[in-house]
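What follows is chain A paired twice: with chain B in the first complex and chain C in the second.
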Partner chain A sequence: MGKVLYIDYERCIGCKACVIGCEECSGHDHLSRMFVDELNPGETVATSPTPCMHCVTPACAESCPVQAIAIAADGTVLSASMEKCIGCKNCTYACPFGIPKVDDQKKVMYKCDMCYDRTSKGRPPMCASVCPTDTIRFVDEDAVKYEPPKPVQFKWDFGGTVIETRTVIGLPDTETNQFGYREGGGVQP
Partner chain B sequence: MRKMEEFLRKIAFNIRRDRELDLNRRGFIASTLSLMGVFFVSSTPLIALSKNRKEEAHESEVFIANEGDLEIGESFSFQFPDENDPALLIRLSETEYRAYNIKCTHLMCPVYWEKEEGHLECPCHNGFFNVEDGSVIAGPPQRPLPSINLKRENQKIYAVGISQAQH
Partner chain C sequence: MGHAQNKEYSQRDYDPIVRDGEELISTHCCFCGMQCGMNIRVRKEDQSVLGVEPRYDFPMNGGRLCPKGVAAYRQAEHQERLLHPLIRKNGKLEEATWDEALDLIVSKIQEIQGKYGKDAFGIYSGSSMTNEKCYLMGKFARIGLGTKNIDYNGRYCMSSASVGFNQSLGIDRGGTNPWSDIKFADVLLIAGSNTAECHPLSMPYIWGARDRGAKLIVVDPRQTKTALVADVHLNLRPGTDVALVNGLLHVMIKEDLVDYDFIQNHTTGFEELKELVQSYNPTYVSEVTGVEVNRIVTAARIFGQAKNGFAMFARGVEQHATGTDAVSNYTNLCLVTGKIGRQGSGVATFTGQGNGQGGREHGQKTDQLPGFRKITDPKARAYIAGVWGVEESEIPGPGLSAFEMLKALGKEIKGLLLVCSNPIVSSPSVGDVGEYLKGLDFFVCMDMFLSESAELADVVLPSTVWIEDDGTTTNVEGRVLRLNGIDRTPGESKRDWKVICEIAERLGRGQYFQFNSPEEIFNELRVASKGGTADYYGITYEKLEKMQGVFWPCPTEESEGTPRLFEDLKFNFPDGKARILSFEYKGPNERTNQEYPVILTTGRVVFHYLSGNQTRRIATLRGFCPDPYVEIHPKLAEKYKISNGETVKVTSPRGSIELVAKITKITREDMVFVPYHWGKSLAINHLTNPALEPKSKIPEFKVCACKLEKVEIQAGEKHG
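Coming up: the complex of A and B.
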């Protein structure tokens, strides 16, 4: 099995190094494909880095009218082929995670391709390399999915449609609240 | 159900990059040709059926007239092979008889025997047929008149079959 991205939201400090690192990846043309969202500004400093989830049945690729988005042999959902993409934005509407972006100047879509230049040669993607807190890690798929260090989620239920993703999310520890957000509005007594 | 969905995804979405070229022009032509082959093979039962169908030969001999009833140059109308198929028997000489289905091959107007001119004429659009073999002399019809095969026996004339003349 290949390696996949594992994201542990509890560790994220919101430094956005992954966003900058993504821009610097050679194939990415200085357009960042990474999202770092502030979950509840003012209440908490929690942030969530989101690269592409790399679905097993990617809605972006299946909705593409010109089949510009391809799945590589290892399951990585690639960014749209520059020659094929017509900039119709179907993928942006189809993606349940809101990952694809469209470059309105060039009229092409771009999304995380897990730095395919690097990962196809066994090197970790830029976001994982630059993350200072190991929030984003590049780990073995089977190990993180079926023998995870903490509860993980990689199947998402969208109103009955279950989507399995290759990117694995580590669930926050809601039992001991060892890190981060606490119940009670985030105000600590 | 899940298998079906996976199968439909597989044939509907050409998104696997390693299998991208399976659905190229060559694949399209191959699938088209094989589809034609499937259609061809599936039509063979129909071919067998059409071969087995009984020939539309009218085996029965239908009596038309006695030989003496008709003067030379006269015609006699009858129905052959059934009541909706008007036909004409024409005596050309002492021993020569001709019979044709007289539905004009243009628009099925009844053709009549023009005795003075010596040919069959369709009055609707001025179609003319040769009385010797039913071929078209002039006018809009493209195909000759179907001729009726005759048999003479004991001074009686029978219609024994109908044939599309090849001209």
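Coming up: the complex of A and C.
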């Protein structure tokens, strides 16, 4: 089994090193494909990064009218082929996670390809390489899905349609809210 | 195969990728004291800087970088770099030749020193430079210019930690342990440090400890990204650290959670401490600090009961009028519980500047000579005079500390050389500092960008970006590191050390400054530090490469350095015992009152470094955090009818600025927080208090009194 991205929200410090690091991959043309969101603004400083979730059955590729989105042998959902992509944004609308972006000037979609230039050479993607807190890790798919260090999620129910993703999310502790992730859970009196 | 000292670090087993037509320069980040390893991608053909590639094999960070680290290389090809010397003509800075600039500088130095005496020309230096440059600045001041007045920006940064460690442990190495030891702690008490944002690459070690079950106690007025993931957050009122620690000590002593064997055998002063903290019961301490009683008691029990642990702190503890007391008091937590001198136990301060450690060791501090020697010590003076080849009497005595020096501009000091610093942004009460600078007869500044301070200079000299020079730095742990440089000097820029040597030559002092490379300077530094506390004698460039850094002291060529201090529990005092010092709580220099009812505290964000002269110019970093803001608790905001995003005027007795309000529950109701990385009308340092700590002379950046006023913006003006 290949390696996948594992995201442990609790460790994210919102520094966006992944966002800038993403620009540094040779295949990325200095366009970042990472997102970092504030989870609970005004309440806590909790944040989380979102790369492409690399669906096992990717809606982006299925919706592409010109078959510009290829899936690599290891399951990585690649960014659109520059030659084929027509910039129609079908993929952007089809993606349940809202990942593909479109460069409106070049009329081409770009998204996380797990730094295929790096992973194909056995190196971690840039986001997992630079992440200063190990929020983003590049780990064995089986190990993290079936022997995880903490509760994880990689199946997502969108109104009855269950999507399995290669990217795995380590779930934050919302039960005791030890790390401040619960909605409205700011602890300051 | 790495060296055994690096075994427990966070390096990863990957090689970097080298792309066609490129080479990698392995170096360290120019920003904070973590000194993360990185590879700079350089095009072979023309030596242009292309990007960054992870350096997976470097122990401290294993290729990981914060956003500043990823973007650091973007300074190199930056269009705003200074590429020519500038001389002020008819009020404007205009391009000039090096000869014109150096002639003018030398004639002004001679004129000023001839008229007012040697000490009338001062040097204000910086700690983001290599050890070689820092050493050279100290030497140049003393025997190039012959002035006693040299000090540096680390005075605002590391000086309280330095005094505190020296008075408690007899030695000032920021970390008593290698950073990998943090993973083996059972408790981490982190005070006045937003580690997650200011030293992000410490987080893998903190999580490493947590993954093994360690508890995390964070002392900070704000629920920062570090405090967010703590077991106990002691959200104290700014400036009340001494009282809080007295409270923790009170509980630990009362509940018998101290190590009497260790206290008896390896410390002095415990009885006085016990006596003093008796009155600091949790109820009283809760009143003073604003921290709930149960949090104080819980934290004391967790720390006291743990077998191994660290007390770690940063500027939030140190930048106070009683900063050295607070440093020693936090150190007491480890001394009374015997948590020092082994894996998992120790004391550390998070060094802010890139070379904040090395920069304070080798003589650019006004009271100090290389190797941490005191400039007033006759033996030290004689030794250094011998190394430099001068008479002992030629070395001046101690001069003015950084902020005192700024206050003396136009009075005792008529000329100033400013290197690698931006005091018009980073000093307290910067409005006054602007006036002080105007009093100068002559002001020369060396920088790679036209900083807010450089804009005011009579002459500006273009220096190189950090990756264009060789040298060494010393990181947060006391590990000396080798930085490789690219062999290029864009435009007419020059390396700072070469410029200093040229000025010395023109002043007729060239015989003492015959250096052809940083390594030659380092080899003299080795000898100068020999026998001192920070002994680098056994460290060579070769050894630094081979071992991926060497921890000082390293007194002989056979020595492999000292990763962990005090393993034999002998502290650096004649009797070998650490000093437990006791302190009454005095509080901040400036209290809130009817006119200024709110506490103002300042700090950093992850996207910017110090005065922002570098990071504000990097488009991506500026984009992530373009402007300062004021963090206000919803309840405080309600009092002033301020909504999120509205403009607020914040005023202290020294000045005021207008900021956008960020309403958030992460801060206390009795205070506001503003980041300090901006200059001119956006500089929060217009408001900060220049009250100096009596021993360290650090200004009290972290507390002053302020008031808030909502700024009503006229309709139509908002989007204009």
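Criterion: the second predicted complex is superposed on the first by the 178 of 189 C-alpha atoms of A that agree within 3 Å, B and C clash if a C-alpha of one lies under 4 Å from a C-alpha of the other, contacts with A are read in each partner's own complex, and residues count from 1 in each chain.
In the analysis below, a contact is a pair of C-beta atoms (placed from the backbone, for glycine too) under 8 Å apart; a residue touches a chain by one contact, two chains touch by 3 or more.
Here the structure is a predicted model, which is why all the values come from computation and not from measurement.
A.B. asks: Aligned on chain A, chain B and chain C: do they clash or fit?
C.D. replies: fit
A.B. asks: On the A-aligned overlay, A:T57 touches which partner chain: chain B = first, chain C = second, or both, or neither?
C.D. replies: A:T57 sits against chain B, while chain C stays out of touch.
A.B. asks: Touch test for A:L78: chain B only (first), chain C only (second), both, or neither?
C.D. replies: first
A.B. asks: If you tally the residues of chain A touched by each partner, is the higher count for chain B or for chain C?
C.D. replies: C
A.B. asks: Specify the angle subtended at the CA centre of chain A by the CA centres of chain B and chain C, expressed in degrees to the nearest 10.
C.D. replies: 160
A.B. asks: Check whether A:V45 is in contact with chain B, with chain C, with both or with neither, and answer first, second, both or neither.
C.D. replies: A:V45 sits against chain C, while chain B stays out of touch.
A.B. asks: Is A:R123 touching the first partner chain B, the second partner chain C, both, or neither of them?
C.D. replies: In the superposed model, A:R123 contacts chain C only, not chain B.
A.B. asks: Just checking: does A:I20 make contact with chain B only, chain C only, both, or neither of them? Give me first, second, both or neither.
C.D. replies: In the superposed model, A:I20 contacts chain C only, not chain B.
A.B. asks: Is A:D37 touching the first partner chain B, the second partner chain C, both, or neither of them?
C.D. replies: neither
A.B. asks: Taking the superposition as given, does A:Q67 touch the first partner, chain B, the second, chain C, both, or neither?
C.D. replies: Only chain B is touched by A:Q67; chain C is not.
A.B. asks: After superposing the two complexes on chain A, what is the shortest C-alpha distance between chain B and chain C, in Å?
C.D. replies: 25
A.B. asks: So which bits of chain A does chain B touch that chain C touches too?
C.D. replies: Residues common to the chain A contacts of chain C and of chain B do not exist here, since the sets are disjoint.
A.B. asks: For chain C, which residues are in contact with chain A within the complex?
C.D. replies: Its residues touching chain A are 12, 14-15, 17, 19, 51-54, 56, 61, 63-67, 69-71, 196-197, 200-201, 203-204, 207, 223-225, 228-229, 231, 233, 235, 292, 606-607, 620, 624, 633-634, 644, 663-668.
A.B. asks: Can you name the residues of chain A that touch chain C in the complex?
C.D. replies: My answer: residues 10-11, 13-17, 19-21, 23-24, 26, 41-46, 117-118, 121-124, 126, 129-134, 178-180, 186-189.
A.B. asks: In the complex formed with chain A, which residues of chain B make contact?
C.D. replies: 9, 12-18, 20
A.B. asks: For chain A, which residues count as touching chain B in their complex?
C.D. replies: Answer in residue numbers: 57-58, 61-62, 64, 67, 69-73, 78.
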